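Listed after this line are the structures, all set down as structure tokens.
Shared between the two complexes below is chain A, which pairs with chain B and chain C, respectively.
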Partner chain A sequence: MILKLKYFGMIAEAVGKENEEFECANSSVEELNIALKNKYAKLASMNYKIAVNQSFVEPTTLLKDNDEIALLPPFAGG
Partner chain B sequence: MEKWNDKGYNPPPSEGLGEALTAQEKKRYSRHLLLDKVGECGQEKLKAAKVLVIGAGGLGCPVLQYLAAAGVGTIGIIDFDVVDESNLQRQVLFSVSDIGTNKAIAAKNSLEQLNQYVNFNIYQEKLSTQNALTLFKQYDIIVDGTDNFSTRYLVNDACVKTAKPLVYGAIYKFEGQVTVFNYQNGPSYRCLFPEAPKAGSVPNCSEIGVIGVLPGLIGTQQANETIKLILGIGTPLSGKLVVHDALQASQFTVNIDRNEEQIMLAQQIDFDSFDYDYFCGLKQNQMEDEINAKELQELIKSETLQIIDVREEWEQPKVAALKAINIPLQTIPENLDKIDKDKKVVIFCQHGVRSLHAIDYLKQQGYNNLINLTGGIVTW
Partner chain C sequence: MSEKKIKNVFVEGPITPEKIANSIAHHQVKTNIGAHDIFLGQVRADEIDGKLVAAIDYSAYDEMANKVFDEIRESAFEKYDLTCAHIYHSKGIVKAGELCLFVFTSSKHRAMAFDACRYITEEIKAKAPVFGKEIFEDETHQWKVNK
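For the complex of A and B:
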């Protein structure tokens, strides 16, 4: 299946892009996160939340084709 | 939160709501009075409202400017810092002559020129577990314009404890986040980010830069949300995080659910003993990256570790108690999937030199959880 990934803030800098289509076998949010950490080693030390179709879901939630996944880091600045 | 209902801010009459606008005020706020959704009643609500703005920096300046212009009757400003020349690129309340002046004072001086009908309370101090609760209790809404996680968690928890809505904004280079926390059983900051980021992992504006107009974009949205809450108009931005991208002129919205465990956690934190700098890893929490054999013997009793032997398979001695996995140095690149990223990983070799090479390589791969066994396994 194809997932539509969106990266924000430092995450976009770490992976070098703001969007991408990510092809993977059927997987859960947790499995996708592991796949992303394997693809982008810098993610391992970063703090972020994963939203699926604009909501935060359980790590075990299964993803569907065309889901929109956002990796959102906290911002410190003010 | 009895002062709040679905018609917005409604304090008991003893607290001043209903205090009529003077003729001068009616003139000044005439464009508000013309609006059905504000009118005289709304303007009186604004006049009676008390808002505390934490930090008079990039976000604080536009928030303060619009709240003061709108006629919010009492505005608290807390900031311990002084105006620096490098602030003037975005902190629009300040001028060259303010350089070196405390920001709360400089902001008040500037805002008094803007609106003489507002009461400003200034606090030239750092927000802390010692002063937060007393301070927050004197206000109806708290606006977060801080620049570090330790204060953000403190502000959130103090809002939960004192049942005050929190208008949150945060910025990073060209992107900003806005939402309203802790409003009528909505989520809190901890519901969004339960874990504080590792110390130093998320830089602030002074370290990495910020486009000057960004805090203006985010701060005015915070001011807008604050005014909406006071007036009880529109839909409060509660339960939704808006991420604004200044470069694309786009907004991304994500729903945030309330997490009762996190709310409870914030309520139960003891401000007499809790150290937010420690919680955010700014103190002591830095991981020791070297350990000796004796310390390792203790550590394996108290913590689940992964222990990796980077020697060749034939090398002796083997220490069964360590339950080490063997990944010879040269084979590390093809065995990254076996190396844990979450728990502490102790790496050893014969004398502690190859293990350092392994750690150097793994750090480049994004690992930050590595500990070297000083002197190697021969010291066991």
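For the complex of A and C:
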């Protein structure tokens, strides 16, 4: 399946891009996170939350083809 | 089922004092209002390791942020007896001394306006996926994190 990944703030800076398509076998949010940490070593030491289709879900939630996944660093609004 | 249209709270660049004045003026026709409260966030020229913050470059996960702002606003209406509530947040460059957040609550009496304004502001700080790059005078930067 193909996932639409979005990176923001210091995460986008660390991975060197704001979005990409990511192909992977069926996986959960936490499994995707491990795959991303393998792809981008800098993520291991970073603090971020993962949103699936613009909502926060349990780490065990299974992802679907075409899901929009966002890696969100600490918020700084206001 | 029709989806509710979600308002865009983002303003490109700083929020101007004129926008705030106009917003107040627009509420003078609503004569059931007896109290307004306003929170304004301003970019601080913090000194970090001997360097001054010259500006913050705001970015956001727009679609999610607008949903979150809408949920915060809706929950404020559920918790407090409000007549109106408005939120505006900057995107892009906001220089030190300029305004980046405008929260405007209106009610019959002051207590609700005060409480709701604080509630909305705290919720924005905690929940809105907005990111800030603090740009120093020498053009280096660091990423701001809300305390």
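Please note the rule applied: the second predicted complex is superposed on the first by the 74 of 78 C-alpha atoms of A that agree within 3 Å, B and C clash if a C-alpha of one lies under 4 Å from a C-alpha of the other, contacts with A are read in each partner's own complex, and residues count from 1 in each chain.
The definition used in the following text is that a residue touches a chain if its C-beta (ideal position, glycine included) is under 8 Å from a C-beta of that chain, and two chains touch if they have at least 3 such contacts.
From a predicted model like this one, the values you see are computed outputs, not experimental measurements.
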Between chain B and chain C, whom does A:G9 touch in the aligned arrangement: first, second, both, or neither?
both
Which of the two partners, first being chain B and second being chain C, lies in contact with A:K17: first, second, both, or neither?
neither
So, does A:K64 touch the first partner chain B, the second partner chain C, both, or neither?
neither
Using the superposition on chain A described above, determine whether A:A76 touches chain B (first), chain C (second), both, or neither.
both
Counting touched residues of chain A, say whether chain B or chain C comes out ahead.
B
Which of the two partners, first being chain B and second being chain C, lies in contact with A:K39: first, second, both, or neither?
neither
For chain A, what residues appear in both contact lists, the one with chain B and the one with chain C?
6, 8-10, 51, 54-55, 70, 72-78
Using the touch definition from the top, list the residues of chain C that touch chain A in their complex.
41, 56, 58-61, 63-65, 67, 89, 100-101, 121, 124-133, 143-146
Please name which positions on chain B make contact with chain A in the complex.
55, 57-60, 144-149, 152, 169-173, 175-177, 192-193, 195, 197-198, 201-205, 210, 215, 241, 243, 252-257, 336-337, 341, 365-368
Residue set of chain A touching chain C in the complex reads 6, 8-10, 13, 51, 54-55, 70, 72-78
Touching chain B in the complex, chain A uses residues 6, 8-10, 37-38, 40-47, 49, 51, 54-56, 70, 72-78
